[in-house]
Amino acid sequence: MAVPAVRRAPIRDGMSPPAKPPMKPPRLSFFRQTFTVAWKDLRSELRTKEALNASFAFALVILLLFSIAFEPTEDETRQISGGLLWLVFAFAGALILNRSFARELANDCLDALIAAPMSGAALFLGKTLANFVLLSAVEFVCLPVFGVLYNVRWTQQFWPLAGVIALGTWGLTVVGTVFSALTVNLRLRELMLPMLVYPILIPCLLAAMQLTAPLVMGEPLTAELAQWIRLLVVFDVIFSALALALIESVMVR
Amino acid sequence: MRDKTILVLSWFTALLLAGNLAIILLVLPDEASQGPIFRIIFFHVPVAWTAFVCFFAAMISSIAYLAGKNLKYDSFAAAATEVGLAFGAANLLTGMIWGRIIWGIWWTWDARLTSMLVGWIIYAGYVMLRRAIEEPTERARMSAVVSILAFADVPIIFFSIKWWRTQHPQPVVYGGGFMAPGYWYMLFLNWIPILLLAVVLLLIRMRQEQTGREIDALRREVHAF
Amino acid sequence: MTPVEIAGVWKFYGDFPALRDISFNVEPGATMALLGRNGAGKTTLLRMLAGLSRPGRGTIRICGTDARDRATRHSIGILGHGISLYEELSALENLRLFARLYGLEDPDGAASEWLERTGLEKVRDGLVREFSRGMRQRLAVARAFLHSPSVLLLDEPFTALDDRAIALLQSLLRDATAEGRTVVLSTHQLREALDLATHVALLVRGRLAYTGKRTGEMLEDTGWLYRQYGEPQSVTA
């Protein structure tokens, strides 16, 4: 029910308002708003690169520390690769996820977003998409580094590996973004976010680790590993649905 | 009125427990393969069931809170979760003691115990979150969301850990298969006082939450103007 | 239809009522000044009007529909304590972002128009991070008015503004009411705000102590209303 915009010259005193043109209804599309939010987050992040750089640096340091701690043989690498990679992804991801809603606190931007005619779901989905893209970028930089440090040719099963990483990363970002919104006003946000998120993510991380281990070593997936794919899909679907349903309660006081 | 309820329930629970303990320790014979320590099952299993019921009730109460915004539901959810944590801890401890006696090791990565551990950590996070939020209405809202997400995860955790451990078979504390019918009967019989104990603790904790809220409101009234 | 209808509204923090049984309407084209000391509940009430929080009891309707409905929020413009702009985006990018979120047909056109009207045309591609305080305030005003809202909600808008920004805002608000838009602003009895106001509402300890037309008396002696209807103690919180 907005009174439409009126084209007028810059402000001058004593001018009477001209006649109003006919009303045009607003174009409030869920997907348009979702992508606007996602694009805004990505553009902001790419300009400052704060979270991205921190995340990259942290991931690389952890990879290095692990290779110092374990010095694995090829067999041992086969066993620990899946777990190691997803630990790196999870820790690096926490930095990105933390920033997700925290970036809206400066200047009260979060209020403006919640007050806008946008459903909480659109805001949430936009941010989740942005986080997914950012975390995926970090992960696909980590893979070659891992390949070099551990002498692993990880590109042999590239597409299945990419698929598993996508599914696992979606689970990580969906749950992480909900908790980013939930913990945004807490004083100990940086501590509480990982503490709450990691235990809930255990099934998702477990499945991703089981699947990634053979794939990153170049071995195809066996039939008995199919149950882990099912688990990942179920986890992603359930938590995406719950997050979309609950996000309004988190954001509106 | 509530004080009397709590008192009556407490006595009843104590009597039932005493009676059951007598049967468990004195009347029932030793189990064939494991010996006297097997009797711990009559506590180890029902406390797990009780914890599960508590977390489930907390989730339902959380949904009710989000639907109606009545803070009583929040008090119930918080109380139920904490009581659930207590019984979950009891399950973990009895499991560890049992494992130590039977197999000589404190932790065997048994699927059920591991699932309970993960769940316990999640709900401990819930309690920590509540401590971190000072304003009661916001605290209620946020913990309700966490409670729902946590319980939705419980079945997924259970299956994922089960599948994980079947890949690495190791000592399981009890076969979980055949048990003489007399034992099943005792298991359920002992569940009753344990559940009643949970109810007593829940009522006490709920009252604590409500009093805390009243104090908070009074403090706001005094400090506000 | 009535732009702002507040009926039997209570807001609770736990068991503590921050707002108690607030009921009043704001007529079309009116400018309502919301007065009250710190902690009286002005910001709480404004946030509920903006759809940022829900009342514990009672209803708030903006143009006939619930304040939290998506369609309703399209007709509301807000100006809070923070400027609600992204530091790392340019002025144009910020306005375009909100234009898109508000579903405007021509986001670029609307953004450009408002950059002109607030005198920020020359710095359209500058990052907000580099703006002076006055420039940020003017851009915040542009953001609030961008989608031609029929109801404007402003939380202590004149408090942190410089001269140029005050003049701009006053001019825009006068034009807005001339076009039939409704304004609700909270204020600490500042003359600039009372000058624009057609009506006032006074909140005292979460209750509505007075509501009615803004009289000349109130303008001449800005403490008059508080003495008539406010708390006995004279200490301002």
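Order of writing sets the labels: A, B and C. Residues in every chain begin at 1.
In the analysis below, a contact is a pair of C-beta atoms (placed from the backbone, for glycine too) under 8 Å apart; a residue touches a chain by one contact, two chains touch by 3 or more.
Note that the structure is predicted; figures quoted are calculated from it, not measured.
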I want to compare two interfaces, B-C and A-B. Which one has more contacting C-beta pairs? A-B
Relative to subunit C, which chain's C-alpha centre is the most remote? B
Between the Cα centroids of subunit A and subunit C the separation in whole angstrom comes to 34
Taking each chain's centre as the mean position of its Cα atoms, how many Å separate subunit B from subunit C? 49
Which integer distance in Å separates the CA centroid of subunit A from that of subunit B? 33
Residue ranges of subunit C touching at least 2 other chains are none
Where subunit B touches two or more other chains at once, the residues are 137
Multi-partner residues of subunit A (each touching 2 or more other chains): 253
Show which residues of subunit B lie in contact with subunit C when the two form their complex. 69, 71, 135-137, 213-214, 216-217, 220-221, 224-225
Which residues of subunit C touch subunit B once you look at their complex with the stated criterion? 12-16, 18, 39, 56, 205, 231, 237
Note: in the complex, subunit A contacts subunit C through residues 1-8, 10-11, 13, 16-17, 20, 24, 26-29, 32-33, 36-37, 40, 43-44, 47-48, 106-109, 111-119, 252-253
Subunit A-touching residues of subunit C, taken from the complex the two chains share: 47, 50-54, 63-64, 68, 70-76, 78, 80-89, 93, 97-98, 100-105, 110, 113, 116-117, 119, 143, 147-150, 168, 171-172, 175, 178-181
Contacting residues of subunit B [partner subunit A, same complex]: 66, 118, 121-122, 125, 128-129, 132-133, 137-138, 141-142, 144-146, 148-150, 152-153, 156-157, 159-161, 163-164
